[in-house]
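Here come two complexes built around chain A, the first alongside chain B, the second alongside chain C.
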Partner chain A sequence: MATSRQVLSLYKQLLEKAYKFDNYNFREYAKRKIHDSFKEHKGLSGQEQINSLYNSGIDSLAQLQRQTSISQMYTFEKLVVEPLDKHHH
Partner chain B sequence: MLTNQIRALARQATRTDSRSINVRSFTVTAGSRTRSVSSKTRSIRHLATKSSTASAKSASSASADSIVTTPPTGSAITLKSATRDESQFGTRPIYLDVQATTPTDPRVLDKMLTFLTGMYGNPHSSTHAYGWETDKEVEKAREYVAAVIKADPKEIIFTSGATETNNMAIKGVPRFYKKTKKHIITTQTEHKCVLDSARHMQDEGFDVTYLPVDEHGLISLDDLKAAIRKDTILVSVMAVNNEIGVVQPLKEIGKICRENKIFFHTDAAQAYGKIDIDVNDMNIDLLSISSHKIYGPMGIGACYVRRRPRVRLDPIITGGGQERGLRSGTLSPPLVAGFGEAARLMKEEMDYDKAHITRLSNKLKEGLLSIPATQLNGSNNPESQYPGCVNISFAYIEGESLLMALKDIALSSGSACTSASLEPSYVLHALGADDALAHSSIRFGIGRFTTEEEVDYVIKAINERVEFLRKMSPLWEMVQEGIDLDSIEWSGH
Partner chain C sequence: MFRTSLLRNLRAPLISSSVTRKPLVQNVVALSQPLFVRNYSGFPPLTRELAKERILELLEGYDKVDASKEITEESSYVQDLGLDSLDVVEVVMELEHEFNIQIPDNEADSLKTVGQTIDYVLSQEDSV
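Coming up: the complex of A and B.
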């Protein structure tokens, strides 16, 4: 049973991970996607559905952990829309 | 003894030699790059001289270099810099060329890494667990690929990409039925690999009808009906055009084909997972898919081949009989699984991606079409236009010089294969565009990973640089003064 405190904590952890993408486009996408997914399911009350989404969120967190690490290992120049002084890891 | 020594020396020499050849080939690449850039500069110079002969008012006969770098008097901006401090920002261009290829989604890479690290079995090895586990994953990927177009997984044949699939369909089906059928119908705006395959079939004795398109890029169903003959075997019409994003009426075409018992193939490289496709509802018999257009890896794609009523074709690649005998060869599990994951994500995120892409597309169109003397190429009807492909003509500007001025944005003036040359696009020509219009068009590709910030940057950059280039254009000056360019007698040609 995922409690609302657990869900909120998952949301925060996912977002925190998303910020770790060195790649601008992947970072911005991950932030947007996490934000929109939680917003979309905000009013959900069915415990089964909440649990299933929570579990897939846990999987996503592990995947983000791996993929942000890779993004930090293979870095490229910053894009012309990226300010240079931001995003220190 | 001596001969041995000489041989050893010779061997060594060849080795060093081949190394130095390597080095040389690097310089050659770099050199040809410089050359291709300078040829573009030449074309600007060419344009500039052309215009200055045309205009009696042309103020200076400045060299091309000063034309490119010096702003006209009274202009606050330069070609190079926008109105901001460049040193505060990165230098890598914004990627707006998703019709050429898409970035690999990290979730796809995550899937692929499983296979590149531990799960390395040959999916065709049926005697041990290494084979079984990859085989299971391959079949799962096949299900994901099939589900996007509501097909049966058994109807999916993995290939190396849409080019191979198009070859397979356009050559394979007519060859199988060549005893009784001799005619193929396609369109003038197909991808080069379709047109080239059709040309090959002409060499093999088939007649090919290339249907024209209207000014939006759409074929006419009456033209199609009129072109059908008793011995027509195949109709091949692309789903979404790669240069202008127009969507052909697949369902109507499929209906006509089925009524006439003709096979219907569609090149869906740019459409798969981006627009709704149902192979049964649309009566599609064969369909081409490319993984690297849907955030999957390059080097893999698929062919949907209908089983009922059965579509038969001569395979191009024969051998071990994999993929129902239609495409022999060992499958690559990392590519197949990556492709499968990309397809799964396309289906799962279709509505989410579509909403994002449509929003950015509308913003971009609004921001660019507000520039005077611009024109959208493609259809205005949202039903027959994919929003992620925005093709715009900027009159009185050469697309290539605009691209040169836009080093901070990765764009294309047409399909990847034609943009290497300075030839105007044959697709835009087919719409009835003249050389000037075809030359002045640029394609903007918006995808899952494009951000609003990038679109804002692009709108600003294009506005500034179109204004800049036009300020230097005597043609533009004449248009502003109300001179009808068609009334001018051009000298010097």
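Coming up: the complex of A and C.
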């Protein structure tokens, strides 16, 4: 049973992980993907569907955890489109 | 940063003072004089006006906020600014970054208006 609060908490956790990507392209992709996926299923009401999506979200969180850790092992040059004083890390 | 400059200042005379020990002593005295103190952390304290200004700026920069409406302290995120619960989570995350604080989920739930948010930020001792 995934409540709306749990879903919102998952959304926040996913976004927080996505911010941890050092590479601009990975980071922006992850943010956009999380954002769009949640928006797409915003009006969902079937409990079963919500649960299955929630569980796949949990799996994605574990995947993001691994991928951001790997991303942080490498250094990436900042792109010109990135503001230098960005405080998300 | 202060520590490294301090160490450097202490170290420099040591190298040159192999002949005479006097410069080292002089330098230590110089360090203790108020002339040497620099206030690196001299930013203004977080007042209510300052917090309000920063929060409003943050909200105005957020593209999903209805730009035609003026944001006041009474503005509710969901009713007045046209945000949904997912957007509110994003606003809370931006606030966390802006003021360098952690907002737990149950407390984030209770933040419904801009005014409540300002009060919450000010009530956190480690807000900057």
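By definition in this document, the second predicted complex is superposed on the first by the 87 of 89 C-alpha atoms of A that agree within 3 Å, B and C clash if a C-alpha of one lies under 4 Å from a C-alpha of the other, contacts with A are read in each partner's own complex, and residues count from 1 in each chain.
One rule holds in what follows: a contact is a pair of C-beta atoms (placed from the backbone, for glycine too) under 8 Å apart; a residue touches a chain by one contact, two chains touch by 3 or more.
Fair warning: this is a prediction, and the values are worked out from it, not measured in the lab.
Asks: Could you tell me whether chain B and chain C fit or clash when both sit on chain A in the superposition?
Replies: fit
Asks: Which holds for A:G46: it touches chain B only (first), chain C only (second), both, or neither?
Replies: It touches nothing on chain B or chain C.
Asks: Given the superposition on chain A, which partner contacts more residues in chain A: chain B or chain C?
Replies: Larger number of chain A residues touched: B.
Asks: Applying the document's definition of touch, where does A:D36 land relative to chain B and chain C: first, second, both, or neither?
Replies: After superposition on chain A, A:D36 lies in contact with chain B alone.
Asks: Which partner does A:L15 contact after superposing on A: first (chain B), second (chain C), both, neither?
Replies: second
Asks: Using the superposition on chain A described above, determine whether A:P83 touches chain B (first), chain C (second), both, or neither.
Replies: So A:P83 only meets chain B here.
Asks: Rounding in steps of 10 degrees, give the angle chain B-chain A-chain C taken between C-alpha centres.
Replies: 120
Asks: Once you lay one complex on the other using chain A, what is the shortest C-alpha distance from chain B to chain C, in Å?
Replies: 14
Asks: What residues of chain C sit close enough to touch chain A in their complex?
Replies: So the residues of chain C in touch with chain A come to 84-86, 89-90, 92-93, 97, 105, 109.
Asks: List the residues on chain A that touch chain B in their complex, please.
Replies: So the residues of chain A touching chain B come out as 21, 24-26, 28-29, 32-33, 36, 63, 66-67, 70-71, 76-85.
Asks: Given the complex with chain C, which residues does chain A contribute to the contact?
Replies: These residues of chain A touch chain C: 4-5, 8-9, 11-12, 15-16, 35, 38-39, 42, 87-88.
Asks: Which chain B residues qualify as touching chain A in the complex?
Replies: For this pair, the touching residues of chain B are 87-95, 103, 106-107, 109-110, 113, 352, 356, 408-409, 448-451, 453-454, 457.
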